[in-house]
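Going in written order, the chains are labelled A, B, C, D and E, and every chain counts its residues from 1.
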Amino acid sequence: MTAETIIQSLASGLLMGLLYGLIAVGLALIFGLMDVVNFAHGEFLMIAMYATFFLFAFFAIDPLLSVPLVAAALFVFGAVVYLLIVRFAVRAKANAGMVQIFSTFGLAIVMRGLAQYFFTPDYRSVTHSWLGGKTVSVAGIFLPVPQLVGALVAITAFGALYLFINRTDFGRALEATREDAGAVALVGIDKNKVFALGWGLGAALVGLSGAIMAIFFYIYPDVGASFALIAYVTVALGGFGSVFGAFAGGIIVGLVEATTALLLPPSLKAVGIYAVYLLVVFIRPRGLFGSM
Amino acid sequence: QTSEVVIGVIYPFSGASAQMGVDAQKSYETALDIINKNHDFDLPLAKGEGLPGLGGAKIRLVFADHQADPQKGRAETERLITQEKVCAVIGTYQSSVAVTVSQVCERYQIPFISADNSSPSLHKRGLKFYFRAAPHDEMFSAAMFNFFDAMKKKGTKIDTLSLFHEDTIFGTDSANTQIKLAGDRGYKIVTDIKYRSNSPSLSAEVQQLKTANADVLMPSSYTTDGILLVKTMAELGYKPNAIVAQNAGFSEKALYDAVGDKLEGVISRGSFSLDLAAKRPMVGKINAMFKEKSGKDFNDLTSRQFMGLLVMAEAINRAKSTDGEKIREALVATDIPGEQTIMPWKRVKFDELGQNNDADPVLLQYIGGKFVTIFPPQAAIAEAVWPMK
Amino acid sequence: MLSVHEVTTAYQGLVAISAVSIQVAKGEIVCVAGANGAGKSTLLKSIAGAERPRSGTVSFDGTRIDGMAQHIITSRGIAYVPENRRLFPRLSVRDNLRLGSYLYRGEADREAPLDLVFKLFPRLQERLEQRAETLSGGEQQMLAIGRALMTRPRLLMLDEPSQGIMPKLVDEIFQAVKRIRDAGMTVLIVEQRMSECLEIADRAYILQTGRVLMQGSAAEISVNPDVRKAYLGL
Amino acid sequence: MTTPLLETRGVWQRFGGLIANSDVSISVGRGEIVGLIGPNGAGKSTLFNLIAGVLPPTQGSIIFDGQDVTALPAAERCQRGIGRTFQVVKSFETMTVIDNVIVGALVRTTVMRDARRKAHEVLEFCGLGPRANVLASDLVPSEKRRLEVARALATEPKLLLLDEVLTGLTPVEAKTGVELVRKVRDTGVTVLMVEHVMEIVMPLVDRAIVLDLGKVLVEGKPTDVVRDPKVITAYLGDRHAVGA
Amino acid sequence: MDTAFAERRRRDLVVACVLAAIAAVVPLFVKDVYVQNMMVLTLMWGALSQSWNILSGYCGQISLGHALYFGLGAYTTALLFTKFGVLPWFGMLGGGVISALIAMALGYPCFRLRGHYFVIATIVIAEIGLLLFHNWDWAGAAMGIEIPVRGDSWLKFQFPRSKLPYFYFALALACVAWFVTWWLENSKWGFWWRAVKDNPEAAESLGVVVFNSKMGAAAVSAFLVAVGGSFYAQFVSYIDPESIMGFQLSLLMALPAVLGGIGTLWGPMLGAVILIPLTELTRSYMGGSGRGVDLIVYGGLIIAISLARPQGLIGLFSFKRKEAAR
């Protein structure tokens, strides 16, 4: 194993990690800040990727340009999913957690089914885009441009979200609603509005990552599955209730994955991620930066 | 006499490999069209309608979804046999499902044609009702090494190999065979990378391939991973001398749609080649029929599926019966000359294990946006371009 | 200002209050008393919109508010401090108070009522960064009232605010209620400590098994022999 | 007198910079009803938590029934005879009232029949008999507090820690509550209780301990304690200075 | 004494016996193998879900990693048989014991975790198990293990031509899982578990050793699930890591209990009776189209049930209502 291999792997891992972080941060908002489980997170990503793809295929809109469009579309989608489904799941008196898990699990299956119905199970990809396939190389280390841009978007999104959650009343309202959704009405907050916004925002963040991912990843109805579990682990590793945690979690996951692939047979690389998660929570049961 | 012969076709129609099922469906429907309607092709049962041996009975296909789960494959096979009363079963894409499907067929004494499964272990289990007309991975890999040997003779430097294979039954089996062959024939495997299928990222894996920089990269990957592999290779600036792929993803249109520009010169094994249309015009016509249904050219998988149904129907026709044992006997007696197929095969004839050993695989090279047969010499229409661009 | 007319509220078929009518005029302190399970809390919940009355009407400032969503009712000027306080347990005292002024976000003087809150409960000022769940019982009660005040209510509804409060502070809380009224708010208060409550209240209602048993001015009620016997334990 | 049932020796509890208990040494004799009073935030509930074993004290030791129990977990202390209620009630919400109590009774027996009988007895004793088959989540707060007591009683404690279980009662109801606690004591249980309502504390307790700012301020007969000027300034306020 | 209570327990038992008896004769009339297969699966998933329910429903430790125990049971049986010729009956027992031990070993660090942290830990541990088996050549790795079937044998518990023996085994397993639940429900453990689920701190103050009760629930639950896994290995006679240890399996184990009524005696069975046929039928009769209609219908029904009956379908049976509430 050469030094170059190690550095390149770590660099790639870091970029991938930021992307994981970006995918996870939408989940961190829904899962970590609102304490609502979204098992359809991967499918949100899938929809975002398809949206990007079709914008490209039919209107020749470059994925980079569709980033805001897709984010906006996903915002609406997320809010609608909350209002039509999750709102009722959250309302369940008994075992609300499981009801959330399984209503969103059902949603995930429906979304896959619908995608297959309307888009066919074919593997799609965005064949050419401004960034697609471009790479910059620094001292023999190759850094693919789409992932670099993804990393930039990720960092920006994290920063913005962090400020939004920690500096605005909306952020505080979100936390309060998570703490006691029944009590926010006492201070005049409409929990449905807060949650719908939260879901919208979470989904919009997934939209960001979906649009970026579409540049260099394949797209098909089940594509979300590969990312969903990593996203859950990332959020939990970083700690529920912390946006920064999801960011740090993503980077750690990316780096650990790359390192494990160097040390073990790559087919076991996820084991590294999982082991690090376990290690962290066994020592710190609230994750790295979790508040709950 | 029966006016209808029902055959079960079992594939993944949902889940990660749903596309395979959907493509397969189109291929079987094409074969069905040829059997049930009158066509002027030199193929078994093309002329005339239906199965003459059964008084012109038409074939009806029942499709079932196994979702890549062996248990579901089994349950569906049982359903097909007992409820739909199928007299034969064809499938399954995933070899793991073929294991259970063939078991059930054995129990019910219903012949099973494993149309596109490539795991070499499948036919070695002593099943009497198991048949495979197509090559398996040992044959495919042997062809690759024959090709290497031939290239070496011509002075090309081929000493080191990198294996890159996914971790399910297909990739594992393929790699095992390749490792064995490499040992036997004196090639050095410098890296053997087994990766998790549908991984979100292959950067670390590709970096290791790049570092090893073997003379030939030999991937065994499905479409998704194939796309990601090629893209990642480009991103990390890895251009191997040659890629010789164990088909799967590398014979899928989706992969070339996605990354074809980066694959000029890639070589994949296969059992089908459109070049054959030059020699056998019907191949082109049938391909056109299929393309109309699916929007795609025949590839290694869909062509094998097509042949699977034809072989099965031909045997049923000779058996003049829908009784499983009779069909089995007819299958055992099958001997279809290669010219009466759309494949570059010598012929279709099953050995005592149910394997057709005369299904010569070919190697195809992707040049100028299409596949060209480059090996074996008798089938080749062009010289291999080496190294790839 | 507040008029509850023949309100009936039930929990899964179990009627908790039936045909209860009460009035609260602007600037009044009205006390509601009654035994455990009489329906006092249910009455407040029905006004606040936390429970939907099965029948009857609730009007506030002449508008019907029954059937409105709870947060709308809050925004119209009714603050409700429930019996179990419902603080945001893992948020700090500061954040709990800030959330109280959520309706006034973006306004320059959103924190205006804070002075009053700190004057009434200086302890809160000392504990601004502490998580609400780790406050002592009494401190939590203060925070709950403080948070309610931050919504700048015109009508403040308190459900047993003296519960778990040390004697010295009980007086202070009642005095605070008085000062809150003097600051221009109207107060509807459910209390078991009737004697203390009646000292500051203008009028009182007594509920028994879901109905209004008695009503009158605080002075009348506190000298009523039945009340003295049954509720004041004298 | 024999050894006290409960003794805390120089107990400290710190939460970060905040000192909730500092050098608290108290003792409770067998058969006593002792009132633990003091301002809000004085550290009463914290002391209960230390005695019951929810937290280990930062410093100091807790002696129960002649043995040092400082290192024992809560469950073990319950088995040894410390029963407690929580100020912020913690009922088993998805279980019925009777099932809540059975959980307590199971410390003393594993025979379900006996546990159930015991639970019914305790419920009757606490006046919750008619509510036995109601879900705990359907109880009103005052009933939940009674359930806390019932549950703790079902563990057949030697020492019962009651944290504000008689709040939110009308004076008349409070009297019933007082009787109940007396009855409990008469069955041989020692009671250490926190309560802010003087009308309840005064007639009930044999001895009162006043905590203030985490320290023992005074202790003694209730009638003496309430006259203590320190207690009046810190805790009772002027009204009670005259009234008591 | 509480006669109403005793009576209800007796009635549950009687109802269960009657249902089991009815179930036992059904296959004598229903000869269709496909339907029989569906019944076997229904009973098996019912039993699995019932076992899952012990840890996750009663004790409140939501596990979405029970596929691990299922897989361990299956692998133990298949490996012992194919490598050492050990009869599956011993494999079943061995698999159960191994799983129970592993569940406790894993519980040791995991039970400190709460809420989602715990759930994700269970998922992740099962995934690690899956990956290890996937790469463990001796255990067949991705190729899996095919159990050689040589004809009917009770000794080897293999019946290539008949579903009936499997059906009766699955029925027995379901009955055992149900009975164990029934029995534990009114035992110290049952009460401890529910107390731990609702409020561990209060439970601790009432003498409940929270850690031990979680360990107990984990062991019982894992043991039963592993027996189910062993059964599955024999039933399908071919196992591969993905199909017996995949994450989907853990979800599918939880699903009947959740839809039927989590933490209830009858919920898992009820859920399985509705869900499994639904799964099978949608796939069989809509899946072949390749258009994903089966997924839309199946997923849609899951959403509908979980939103319409968040407490579980058991709530539909009014006489069971108190049961669910208990």
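Everything that follows uses one rule, which is that a residue touches a chain if its C-beta (ideal position, glycine included) is under 8 Å from a C-beta of that chain, and two chains touch if they have at least 3 such contacts.
Each chain and its UniProt protein: A, E = Branched-chain amino acid transport system permease protein; C, D = Branched-chain amino acid transport system ATP-binding protein.
Note that the coordinates shown come from a computational prediction; the quantities given were computed from them, not determined experimentally.
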item	value
Labels of chains that are neighbours to subunit A and to subunit B	E
Contact-richer chain pair (by C-beta pairs counted) among B-E and A-E	A-E
Remotest chain, subunit D as reference, centres from CA atoms	B
Per Cα centroids, the chain farthest from subunit C	B
Inter-chain centre distance, subunit D versus subunit E - centres from mean C-alpha coordinates, in Å	43
Distance between chain centroids, defined by C-alpha means - subunit B, subunit D (Å)	77
Gap in Å, rounded to a whole number, between the CA centres of subunit D and subunit A	49
Whole-Å separation of chain centres (CA-atom averages), subunit C against subunit D	28
For subunit C, residues that touch 2 or more chains besides their own	none
Multi-partner residues of subunit D (each touching 2 or more other chains)	94
Sequence positions of subunit E contacting 2 or more other chains	131, 134-135, 263, 290, 292, 294-295
Interchain pairs in contact, sorted by label	A-B, A-C, A-E, B-E, C-D, D-E
Of all residues in subunit C, those that touch subunit A in their complex	48-50, 69-75, 79-82, 86-91, 95, 98-100, 102-103, 105, 147-148, 150-151
Residues of subunit E touching subunit B in the complex	32-34, 37-38, 41, 131, 134-135, 141-144, 146, 149, 160-161, 232, 236-240, 242-243, 280, 283-284, 287-290, 292, 294-295
For the subunit A and subunit B complex, residues of the former touching the latter	1-2, 4-5, 8-9, 12-13, 16, 20, 112-113, 116, 120-125, 127, 133, 135, 137, 142, 144, 147, 216-218, 220-223, 225-227, 230, 257-258, 261-262, 265-270
Of all residues in subunit A, those that touch subunit C in their complex	169, 172-173, 175-176, 179-180, 182-191, 291-292
Subunit E residues touching subunit A - in the complex, by the definition given at the top	62, 109, 112-117, 120-121, 123-125, 127-128, 131-132, 134-135, 247, 251, 254-255, 258-259, 262-263, 290-304, 306-307, 310-311
